[in-house]
Amino acid sequence: MTLNELAEAIGAEVVGGRGDTAIDSVATLEEAREGQVSFLSNARYARLLETTKASAVIVARNARGGPVPLLKTADPYYAFRQAMVKLHGFRRHPHQGIHPAAHVDPTATVGEGTVIYPGVYVGPRAKIGRDCVLYPNVVVYDDCVLGDRVTLHANCSIGHDGFGYATHKLPGEEVRHHKIPQAGNAVIEDDVELGAGCAVDRATLGSTVIGRGTKFSNLVAIGHGTRVGRHGLFVAMVGLAGSIKVGDYVTLAGQVGMAGHLEIGDRVTVGAQSGVMNDAPAGTTLVGTPAMPAGQARRVYTVFQQLPELLDRIRKLEQRVEELGGKKEG
Amino acid sequence: MTLNELAEAIGAEVVGGRGDTAIDSVATLEEAREGQVSFLSNARYARLLETTKASAVIVARNARGGPVPLLKTADPYYAFRQAMVKLHGFRRHPHQGIHPAAHVDPTATVGEGTVIYPGVYVGPRAKIGRDCVLYPNVVVYDDCVLGDRVTLHANCSIGHDGFGYATHKLPGEEVRHHKIPQAGNAVIEDDVELGAGCAVDRATLGSTVIGRGTKFSNLVAIGHGTRVGRHGLFVAMVGLAGSIKVGDYVTLAGQVGMAGHLEIGDRVTVGAQSGVMNDAPAGTTLVGTPAMPAGQARRVYTVFQQLPELLDRIRKLEQRVEELGGKKEG
Amino acid sequence: MTLNELAEAIGAEVVGGRGDTAIDSVATLEEAREGQVSFLSNARYARLLETTKASAVIVARNARGGPVPLLKTADPYYAFRQAMVKLHGFRRHPHQGIHPAAHVDPTATVGEGTVIYPGVYVGPRAKIGRDCVLYPNVVVYDDCVLGDRVTLHANCSIGHDGFGYATHKLPGEEVRHHKIPQAGNAVIEDDVELGAGCAVDRATLGSTVIGRGTKFSNLVAIGHGTRVGRHGLFVAMVGLAGSIKVGDYVTLAGQVGMAGHLEIGDRVTVGAQSGVMNDAPAGTTLVGTPAMPAGQARRVYTVFQQLPELLDRIRKLEQRVEELGGKKEG
């Protein structure tokens, strides 16, 4: 593929390069060699524009030139993605349909074009849509529903029992946690992709839902009855308790935790390791444990890191005030 | 089932409804329709008593009436559980015994009534009790022991090697972490249920133990040699290091972490995301990182969120004290 | 084995015991009986030297004597490890080579002496070295590479797709997260051991790398393109975002999180639950969220826990200053 062809395919403008340069693949700025296109998506790496061996670099329209030819575009990260699709493409699966080493219950249904890897289990009456990919050892419990184009990476579990127990003492027994039947299911809507080892509870009643287009990284846990909206981005190790309503376009950074029964509005963003304990209105950005509006959190954590100096200032004040009082009274 | 029959089955009193109303299932207050019973277990939803379409609602004895018939009972959450058992029941497994797509070592023993799903692995000399359920892709390592009525959800691992290495430099080598044989096992006592993807290390010596009746949610990790008492409740993503002694009826909220070699008394409760770094006497409630008694933590976190205002007050004090000093001296 | 033979095997000196005492196994100080050797590796348990029933205890050279015979050595924890190897040894696998219930793609290669348990999946063109152990239900995606003597515990996933999406609005569509092909792989170098349920992303381009001799505990997640150095120790539930460069001999305690694109020097140590948001120079110890140098963190968290008292002192100062001002003006 020539640089011109690539530029046209990804909607970019060639600046400072020869359009007939051959491009065969994508590489990072540091590792790229001749014949490769690279990209600048993080300002941290801008200095590498001076030294990269790439034949061209995808950048934003307002990027300043360097010695390397540029591919200027309105959305360089999406253009980079398009270049990846053109030059590398997606995984070719080693088999089609349901692999014989998978176990799909005879009462389950699986849509056309869906690929099910070895070791996958699909329970009774589960419904898997079209063009899904279930990687090895994924488990889908009975009665759960996957939409179309759902991708579940290795070892995900969908629809195991939620954490529901009634703690009660029966006559003549010790206090025990009595299991509540989990009679609902889990529904994973179209175009959802979950990383490795994610766990989505089935609901006690009704459905736990992961909304259309939402993406999880690895080891994300979702409690029973929680309903996650559309087009969310949940980074690794996010843990949501049960019965939460999460809006659309919500971004949760790594290791965020969320208490049960909350309402989280659309376009809420939560910083890494934060603990969300209250409802969040649409559009808010929260940070910290307990999670606060980002502006407050920035100020709080700035002072937090200066706490020893604060204590010193209080001690000095106390000393000075005592002196002043002594003089006063003396 | 009539409302009267249900009331008798769950030990409740019908208030304000016709005893011969037919009830076929349970639903949330919001989603219930005629013929369904609902429940009020969280004060947050009390207003829904006014609008629910349920034919009856299970409530506490002291609940105030609304337009909807009530089922009054001393322990409404347990009564709700009983209604779930009567009207929905527990999962019916699609097969009995050991599924042919599971792998149980010939030297392992499996009790009567136990259901082992496809993809499960049970290692040499492991002992699985009666009436257990091992969901797909659960792994039980060699020599581990499960009591009766143990339920392990998908992708749990029981008895893999603990994190034991001796860091040492041998002559002529770089410093390396030398693996310590993990010669103990893991023991899961009667009536334990673990959520999806939990990981319980085997002990270096002796046993890692999960005590009778304890329940974990998803992705809980237990270090080698830790002994968890009876009837605990560990919410998702709790991580315990090794050699901890945890008492009975201990509740750990989501994402709690605990350092090694601690002693945690009976009936200790720890708030979400807390980091426990010291022994905890029986009956204490801990919150925060580092975990503090709940009362202290509440005060600490209240001031924490006001830190910027605190800094302002210190600045004003400094200014005022300087003025006072100046006047004094002036 | 006699005490003398054991002492010689582990490089220790017998102090206060009979060299011909028979020793058959290792046990903790609390549980040891006659014929067993124990060890003191944590000062917390020193008092047990007085009461242990062990026939000998491995201790440091400078340990004070008790009634029990001692095995004195320069590195007692390594000596304990050696005793474990001599007296207990490592797991004997119930089969050799690739178990028929594993699925290894015909284009993958597996080195001599490697043991692959039931339920393991190894994808197209993956390369597994010699003397590895892949426990049940481990998944190795296409094109990933494992060195020699790599041990992966149950349910690990190596080389699933990293969390890469370009968020973009196409004409006539809603804003969506467009999947970026993950064209790189994951490389696990020699002598790495990963606990149960770990998840190592494949890189978008190039490789995610876990360096030689590094050990993870359970449920550790590593983002795409991150390169972990040699001989690291990552405790359970550590989560690293993508594109991080981690040096050699780095120790991360439980539940540590790390933001993307950081550079972490050699021999960095991070305390439990810390959130690392900045580069860390070699040799530093970090604690807290946000992670701070350990000395600062100790001071900060000490004051943090006294925040309510701090507020009281400020209130008293305000009152006293007002009095002083009043008197002044009065």
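Observations on the structure shown:
Lettered A, B and C in written order, each chain numbered from 1.
In this text, a residue touches a chain if its C-beta (ideal position, glycine included) is under 8 Å from a C-beta of that chain, and two chains touch if they have at least 3 such contacts.
Owing to the predicted nature of the structure, the values given are computational and were not obtained by experimental measurement.
Counting only chains that touch, the fewest steps needed to get from chain A to chain C is 1. Both chain B and chain C derive from one sequence, and where they touch, under half of the residue numbers involved are common to the two copies. Note: centroid distance chain B to chain C, computed from Cα atoms, is 24 Å.
Contacts with at least two other chains are made by residues 119, 137, 155, 197, 219, 237, 255, 273, 289, 304, 310, 314, 317, 321, 324, 328 of chain B. Within the complex formed with chain C, the residues of chain B that make contact are 103, 105, 107, 119, 121, 123-124, 137, 139, 141-142, 155, 157, 160-161, 163, 165-168, 174-181, 183, 197, 199, 201, 204-206, 219, 221, 223, 237, 239, 241, 255, 257, 259, 261, 273, 275, 277, 289-290, 292, 296, 299-300, 302-304, 306, 310, 313-314, 317, 320-321, 324, 327-328. Taken in their complex, chain A has these residues touching chain C: 26-28, 31, 42, 44, 75, 77-78, 80-81, 84-85, 88-91, 94, 99, 101, 117-119, 135-137, 151, 153-155, 191, 193, 195-197, 213, 215, 217-219, 231, 233, 235-237, 249, 254-255, 272-273, 289, 301, 304-305, 307-308, 310-311, 314, 317-318, 321, 324-325, 328.
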